[in-house]
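Shared chain: chain A. Partners: chain B in the first complex, chain C in the second.
So, the complex of A and B:
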């Protein structure tokens, strides 16, 4: 007999109401807003009548090379960020999971520290390094490599540096989590059977770590696509990415229908690209 | 390449990466004590920026706003999460994935969605809208964590308690709650950190009078006087590190082993 909370005589109704708030909250503040955006995207701006003027014209605005270039730029940003983070994160995760012993906890803690700091401060810290008189330029001028300081801040280079810097820990931890649970006997067996270390890595360790890489994809690629803070701070607002444009529509232009339409439009693009990645991942495992 | 050298390649690379991770932070801390207003020209040691931050009333208001919003979000998401897990377990079994929605959608979509909703309903932006948005984030953390932990505990304990004659409320208060305390502390701390550091939802859901700290810092940097927030940034860095230290000192391994 299963006397679960819901099955006690008195409280079936009470249970329902006690558990309800979380669902209602989620509905009102997460799923309905998404519906509102979708709904708004079909409305022509300025018309607030009893029955809204439904139109697809908002979406037609975006079939233009200007918007294509913004989307491509954001996709490129997300892709490069993810690729570089992956290349840098994998060795770190590998080292932490399989090699570091005495230092593991300390290193893990140091890796987790940036999670407690927001992106604004993390990006800001790079100002001191990338600035015209900052660390890099000072070093280069003192060494005599350059005579005048190079513009490093407010460039796309700075944006990429900032993105990789902020998202690196998000890539390391999932891969580490998977590698840590790796069955070391598989590696031993492979080496015993005569495989080279590289072959062992490529055919045993790497496939096994795919779930971690997948999680890393979700935690890096998807947020990077819509990132607003880092391009705004590191790029000086000179470069238009998806996040910047959405923010522009909503905060500056206050054009909610068009902004919503673009949000939906770019989300669909993101979804399609993510699905392509996902299927290629599936084929790789 | 001799294997001797290749043996050191990996640790060297990792050391390089950690160097890359921490150089900006070290430089930031160092230059927060810079006397002059220019970013990198060192003109002497000074507590100037720290005392300026201390005397900045806008900063204190932003701090107060951040704390109010974050604490509220933590309390709300903990309570709702607890109630949901305790009273709605069988329902949750089939529908728990909807709580991952906030984590899959890019945060900016969430943020503009909230803004659209509030505009549509003509709700004035302010504390309520901020807290509502952050609680959504919070629920994405409290529900999965508490639910996973709750499933791990033999819920026969709940059954046993009911069988022995306790009321549902007594069971909740004397059995479930004490057992779930570690999960609550961990997820509460996590939500607090996430909420305190959140920028994008606050950017869209806050009014000028309810700026949170990340917003305040962002605006100061954008206005050009970025050196003035260097001290504040260092302080927040320390606070954030402390919170992470707290979080990592809890025995978290058990909490996250719900894949097996």
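So, the complex of A and C:
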């Protein structure tokens, strides 16, 4: 008993030192910049003197329907991406975990393979599919469904396609991880007790996979909200999302305080929405 | 009567033939033990009855109903799994109520039945506890309650006590016997543990390594009149001697090379002809061991004590015979201070009655 306690103490010490580099890394490259951003958001533009001029006026800028429409559009993008990813990922993960057997590792590798490639290159692959004379348009015209090619590239449709494509593995992998560990005898037990296959899925398999769904939810929802590259490439820069606006403030307008303020503001919105979902998950499990 | 009948059942996984043309009748309302070594196919047999797997050929009946191709959730059979397979995201109530819930039973009836069933397994105080907070024995009871609440025709138990410690196992065995006699449901109990099987069963079937059923009978029949050397060795322990059956003084005797001639009783059950080459099975506890010579026994051997294992309630002696053969003898430790202490290298006399010998084909 005593030895157990000693061992625990040793391992706590060891794990502290093992976590230290990561913590220092996060401190320097995440927490400190975050504090700088928060600080900047309260400064009046152009007045960076010895004692900066603090103001809340940056935040008052956002009492404008323009900003809300951008927030709502980003939330919608994040939510739809998450939802479609979930609907596509669950069957994939289910198949991989329960039926793929010896093909499992091969298929997982194939799933992850495209993401070893830079997204800019992947986006160009999508250009070939989506452009005026691209794959989809030529198939549709050959089949006689449309007479003239439709505009697919540089639309919101293209943005959604890119988002879903890009974030799918982040949903598949956590769900796969839980389903892989699912005790198959629970399915046997459920059927044995007279449940149908559907009831077994609904009452046993789905609740058991909730931790994976929850992880996948946040791994897709949170980064989707601030996504900048995919809307820029697939939408041709025509559509403003939170990420694009922040980038616009910092690199085009060079308005650091306003950009910082919008970053803080949109992060708070994301935090609140995520917490609401988190509580929903807590209640569901 | 709703007997379970398996007729010419075969099952293979790939090239691996598990069961080949097996037939078995399990009497309705009995506590039936399926005893066999690991890998004998007894779990496969259980899974076929439950419906987890389907037979390659053959038929399975419950009473007159052919259930061979009835899907698992339409058979009125429930299983208690080896590692219980309780639903971890539900509490005790949720687990026990599951079978009724999926059948759409009204919630007030479910509540009543769950309470009544939990009383039967002495868990009524833990009704709303999460599964993770229960001990192994309590989880075992939840698994039982979850199965019996559905009032199945047959309850299958797949090594249900394997994960419990010895004391708890003995206690659960007694509770299982009580539960079965209260419910009158047919229990089919799969185990590799002969002690469990002998304790609980009204009838038992012994399976060998080839997935064949060697013998079916009451525990006493199986133990006292094993039909083959496999059964004699697998259920309990025994000493086996090769020899020739001869006639002697109007009775029978076994001529065992290098040891002598020993009187045997040929039972009414198995008629053997004089002149056949047989095995003589002699259970260790049927042998009397003594340092002094004694009268009144039909058969006698002498040997030298090679090993003594003290088990508490009994002691096992390994006695080396003149031909080098080792015979095991159990003796009850009934006296607090045995007047005669048998020690290593002592010369001892072994005695047994001719009725206590079982003859087996090779």
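Rule of thumb we're sticking to: the second predicted complex is superposed on the first by the 259 of 285 C-alpha atoms of A that agree within 3 Å, B and C clash if a C-alpha of one lies under 4 Å from a C-alpha of the other, contacts with A are read in each partner's own complex, and residues count from 1 in each chain.
Here is the rule we use: a contact is a pair of C-beta atoms (placed from the backbone, for glycine too) under 8 Å apart; a residue touches a chain by one contact, two chains touch by 3 or more.
Given the structure is predicted, the values throughout are model-derived calculations rather than measurements.
Visitor: If we overlay the two complexes on their shared chain A, which of chain B and chain C does A:204 touch? Say first, second, both or neither.
Guide: Only chain C; A:204 stays clear of chain B.
Visitor: According to the contact criterion defined above, which of chain B and chain C contacts more residues of chain A?
Guide: If we count touched residues of chain A for both partners, the winner is B.
Visitor: Touch test for A:118: chain B only (first), chain C only (second), both, or neither?
Guide: In the superposed model, A:118 contacts chain B only, not chain C.
Visitor: If you stack the two complexes on chain A, which partner ends up touching A:95: first (chain B), second (chain C), both, or neither?
Guide: Touch partner of A:95: chain B, not chain C.
Visitor: Does the superposition put A:26 against chain B (first), chain C (second), both, or neither?
Guide: first
Visitor: On the A-aligned overlay, A:180 touches which partner chain: chain B = first, chain C = second, or both, or neither?
Guide: Neither chain B nor chain C is touched by A:180.
Visitor: Regarding the shared-chain residue A:195, is it in contact with chain B (first), chain C (second), both, or neither?
Guide: After superposing on A, A:195 lies in contact with chain C but is clear of chain B.
Visitor: Which residues of chain A touch chain B once you look at their complex with the stated criterion?
Guide: Touch residues, chain A against chain B: 2-6, 8, 10-11, 14-16, 18-23, 25-26, 28-34, 36-37, 40, 88, 91-92, 94-96, 99, 107-122, 124-129, 131, 133-135, 138, 165, 168-169, 218, 222-223, 225-229, 232-233, 237, 243, 246-247, 250-251, 256, 259-260, 263, 267, 270.
Visitor: Given the complex with chain A, which residues does chain B contribute to the contact?
Guide: Interface residues on the chain B side: 10-11, 13-14, 17-18, 20-25, 27-28, 31, 38-41, 76, 79-81, 83-84, 86-92, 98-99, 101-102, 104-110, 112-117, 119-120, 132-133, 135-136, 139, 143, 155, 158-159, 162-163, 168, 171, 193, 196-200, 203-204, 214, 217-218, 221-222, 226, 229, 233, 236-237, 239-245, 248.
Visitor: What does chain A use to touch chain C in their complex?
Guide: So the residues of chain A in touch with chain C come to 183, 185-186, 188-196, 199, 203-204, 207-208, 285.
Visitor: Going by the contact rule at the top, pick out the chain C residues touching chain A in the complex.
Guide: For chain C paired with chain A, touching residues are 50-52, 72-74, 77-79, 81, 83, 85-89, 98-99, 101-103, 146-147, 150.
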